[in-house]
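Okay, got some structures for you below.
Look at the two complexes coming up: chain A is in both, with chain B in one and chain C in the other.
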Partner chain A sequence: MTVLQTENLCYTYSPGMPFEHTALHDISIGFEQGELTAIIGHTGSGKSTLVQHLNGLLKPASGRVLLNGEDIWADPKNIRNIRFRVGMVFQYPEHQLFEDTVEKDIAFGPRNMGLSEEEIDQRVKEAAEFVGLSASLLKKSPFDLSGGEKRRTAIAGVMAMRPEVLILDEPTAGLDPHGRDLILEQIDRYRRKNGTTVLLVSHSMEDVARIADKVLVMQHSRVAMYDTAPRVFDRAAELEEMGLSVPAVTRIFSQLADKGIADHDAVYTLEQAEQAAVALLKEKGVTVC
Partner chain B sequence: MEIINAQALSFSYENPDEAPHIVLEGVDLSIEKGSFVALLGANGSGKSTLAKQCNAILLPTGGKLLVDGMDTADPDRLFDVRRTVGLVLQNPDNQLVSSIVEEDVAFGPENLGLPPQEIRRRVEDSLRAVGMYGYKDSAPHKLSGGQKQRVAIAGILAMQPDCLVLDEPTAMLDPQGRREVLQTVHALNRDRGMTVVIITHYMEEAAGADRVLVMDGGKICMDGTPREIFSQVDKLRECRLDVPQPTELCYRLRQKGVNLPADILTAEEFVAAFEAVLKEGADR
Partner chain C sequence: MLTDITIGQYFPAPSLLHRLDPRMKLILTVLWIAMVFVPKNWFGLLLAVAFLVLCIALSGLPGRLIFKSIRPILPLILFTSILNIFYVSGGRLLFSWWIFKVHTGGLITAAFIGIRIICLIIGSSLLTYTTSPTALTDALERLLSPLKVLHLQVHELAMMMTIALRFIPTLIEETDKIMSAQKARGADFESGGLMKRVKAMIPILIPLFVSAFRRAYELATAMECRCYQGGEGRTRMKQLHLARRDYLSLAVSLAVLALLIVMNILIDPVL
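Right after this comes the complex of A and B.
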């Protein structure tokens, strides 16, 4: 089922001005219920402009955005409600923490939705658990937390609204490898449990490769590719031509394929690479235990 | 000759209510002039604090730090220390102060009270060194992240430091911007003999350094060439770090008894070594 959809979406910054710039050009795509889609592309390719349309932060110059088949701008007064249903976690969301305890900060969204205190409390606990924040941290000031904990507090604040679609803009930027893995794991677990549709804007192909069902590649304000992860990574050469780096293991196997050693199958995670390498070794009679 | 020399360097944040928060604990370190050093470590390991010690934004609470022989704690040498070590930070937007690129680069030398011709010479030279001369009349906010970061580096170069310390200069950039900044920093090291200390979470960036330092819990726990460091996969994991993907793949295959070298860093090296193993198998 298609949850969120764009129809001929166009957007231009500063129309009629000397700095006029087309940021989105005729985008028609749909996101399926429960799928995790990674959005990649160069800075300036239109990724952020696209996601800002999906919860009504920007209004299309032409075209429509449909949530469960309904135009989100059908009633402009209702747009606040759309933002509860399509939750957005911005880049460096920890810069937006402001309450005096972690608990209150996570509760901010649900409280604005007008939920009962009981319901708010339950949602805060649930969201905190999803991002691995222990109960003892809830009473602390968010400013006393580590960078990774702050980031997870901010993500929990959006999760607590239980949006149908969760959009995260570069959720792992600036974190160390351990923090990166942790957040990606938690996002993956959250969407599997709740069936939430997730869009993840990322520069890191290696992160994307691990958890994405589909990959949307933006280039020059248009959709360059939109397909399942294996099919997109199969076009490694094209991605590299666009200046997007593919995972190192993908590069290894495309080089092996060019030498006629491996097949031209897309390998894009370490696990796949390990399996493929073992298979090749066994074929040549090398002992592998 | 060493440019940075830490002797039992310690630093802690004092807190009247709680026990002091120790960030650096007895760091002994010497960095040679002209070397290219990558500093790795998980969040909270003390990397940034060490970087800030190098140009006296923070001062030791124990031990001492010598920059080109000058004690950073000596108030009379403060400006000389800062002129010797230039610090580039993560977010380029926080480091650009002017609305025109060349004026931004001129900010430092203007504050040194240099004659206008000298300022002009340094600004042009610095912008050329980072490949941004063509943008000298542009507005910084119209540039990409990588370009902004290169302008920030030019601003530091205009102060003519001997050593550049960069604290995650690529963390907020896209892959293209990362490449631009990395190439610029490597060129400065190669062509001008600039000492470079770069903090990064990207293992591929560290793989190109002369020397890799790993910090954990306020101490330096590993120190060696990229090959020596990245071949110790288990120890890096203990420090909550990763290894480059080709190294990890090699490690996993070695666990299965495949005779690959432990010190593979790049995709190309892996392909060559893997080919050799396959050939050996076929010959047998």
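Right after this comes the complex of A and C.
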């Protein structure tokens, strides 16, 4: 079932000004219930602009955004409700923290929804647990946390609204490998448990290959590709032409295939690479322990 | 959106006005203020307006931009004009109702002052539209440098201005981002009474202050890392040179000003 859909979406920044810029050009796509879609593209290709349309932070110049088949701008007064249903975590979300305790900051969204105190309390606990914030951290000031903890606090603040669709704009930017793995894992676990549809803007092909069902490639304000992850990564040459890369292991195996050493089919993650390498070595008669 | 604010914004274009020396443009702006206030009759004002139109044409900026610069102060102009209409007596009485009396003198004064304010704003926004903030503060520093004998820290002042101007767009952008982020969490800035609206600003102001201080520290560190130590013995990468066009524009402006003064002597004032 298609949860979120855009129809001929167009958007221009500063129309009529000398630095007018068309950031979205005739975008028509749909996102399926429960799927995790990664949005990739060169810097400035319009990824952030696109996702900000999906929860009504930007209003389309023309075209529509449909949530469960209904135009989100049908009643502009209702747009706040749409924002609770389509949760959005911005790039560097830790810059939006403001409350004096982590707990209160996570509760900001749910409180705006007008929930009861018990409900808020329960949601805060649940969201904090999802992103791995211990109970002792909840009472601390968000400004005393480490970068990664701040980031996870901000993500929890949006998860606590229990949105139907969760959008994250580069949630792993500027984190160390461990912090990156942790956040991706938590997002993946969260959506499997709640059946949430997730959109993830990312620059890291390794991240994308690991958790995405589908990949949306943006280029020059348009959709260049939109397909399942394996099929998008199969078009490595085109991706590279756009200045994007495929995961490093995919490149290695496709070069091995070019040399006739291996027949590469669908090697995108380290785990798959390991299996394929072991199989290959066995085939050549090397014992692997 | 907040980013639509254009006051004090620079619009690069390859025009004559853009190429003028920023020091000369500052001087010309001061001259322009004189040109707006000297005329005491319609012909003089008309000449000043014509001069302004010429400058707009030479700036190569779209008309819409010019209008945008006066839009924010339009209510102020209307307000002063209305006050003038009712307060200034003199001339024929046109109509009166209760305590309100409108004289021709009032109408003329209102129109005259309204046009003056509009000309003033457009003229000074031409300066900021055609001059980059760094060029502007640089010019200001040069023009004020004689004040160094009075132990005024001209360089430090100019540096502070440069930094402040440089960070206005950054802060606006930052505010925009934080507002979006809080809106995404259901913050509501548009409804409710005064107290509620003031309270709604807290989730914006706190992150904004935090980031402004962070930026300030980062900038200070970065400047110290590059051994910045104030204006003493500092040389410049961009040297300013007055060209023929600068002297020419000064000559034209002075001529117009002189003409306006002559017109004042020859023609009866309307005010």
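Just so we're on the same page, the second predicted complex is superposed on the first by the 288 of 289 C-alpha atoms of A that agree within 3 Å, B and C clash if a C-alpha of one lies under 4 Å from a C-alpha of the other, contacts with A are read in each partner's own complex, and residues count from 1 in each chain.
The criterion applied here is as follows: contacts are C-beta pairs under 8 Å (C-beta built on N, C-alpha and C of every residue); 3 or more make two chains touch, one makes a residue touch a chain.
Small disclaimer: the values here were computed from a predicted structure and weren't measured.
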- Give one of first, second, both or neither to describe whether A:His95 is in contact with chain B, with chain C, with both, or with none. second
- Task: For A:Gly157, decide between first (touching chain B), second (touching chain C), both and neither.
- Result: second
- Message: Tell me the contact category for A:Pro60 with respect to chain B and chain C: first, second, both or neither.
- Response: neither
- Could you tell me if A:Arg83 is touching chain B, chain C, both of them or neither one (first, second, both, neither)? second
- Tell me which partner A:Met113 touches in the superposition: chain B (first), chain C (second), both or neither. second
- Query: Does chain B (first) or chain C (second) touch A:Pro171, or do both, or does neither?
  - Reply: neither
- Looking at the overlay, does A:Gly179 come into contact with chain B only (first), chain C only (second), both, or neither? first
- Message: Comparing chain B against chain C, which has contacts with more of the residues in chain A?
- Response: B
- Query: Where does A:Gly46 make contact in the superposed view: on chain B (first), on chain C (second), on both, or on neither?
  - Reply: neither
- Message: I'd like to check the shared interface: which positions of chain A are touched by both chain B and chain C across the two complexes?
- Response: none
- Query: Tell me, which parts of chain A touch chain B in their complex?
  - Reply: 42-44, 146-148, 173-179, 203, 206, 243-245, 247-249, 251-252, 255-256, 259, 261, 270, 273-274, 277-278, 280-281, 284-289
- Query: Which bits of chain C are touching chain A when the two form their complex?
  - Reply: 3-4, 11-13, 62, 64-65, 174, 177-178, 180-188, 202-203, 206-207, 210-211
- Which residues of chain A touch chain C in their complex? 14, 16-18, 52, 55, 57, 80, 83-84, 87-90, 93, 95-98, 108-109, 112-113, 143, 157-158, 161
- Message: List the residues on chain B that touch chain A in their complex, please.
- Response: 41-44, 90, 144-145, 168, 171-172, 174-177, 201, 203-204, 240-242, 244-246, 248-249, 252-253, 256-258, 266-268, 270-271, 274-275, 277-278, 280-282, 284
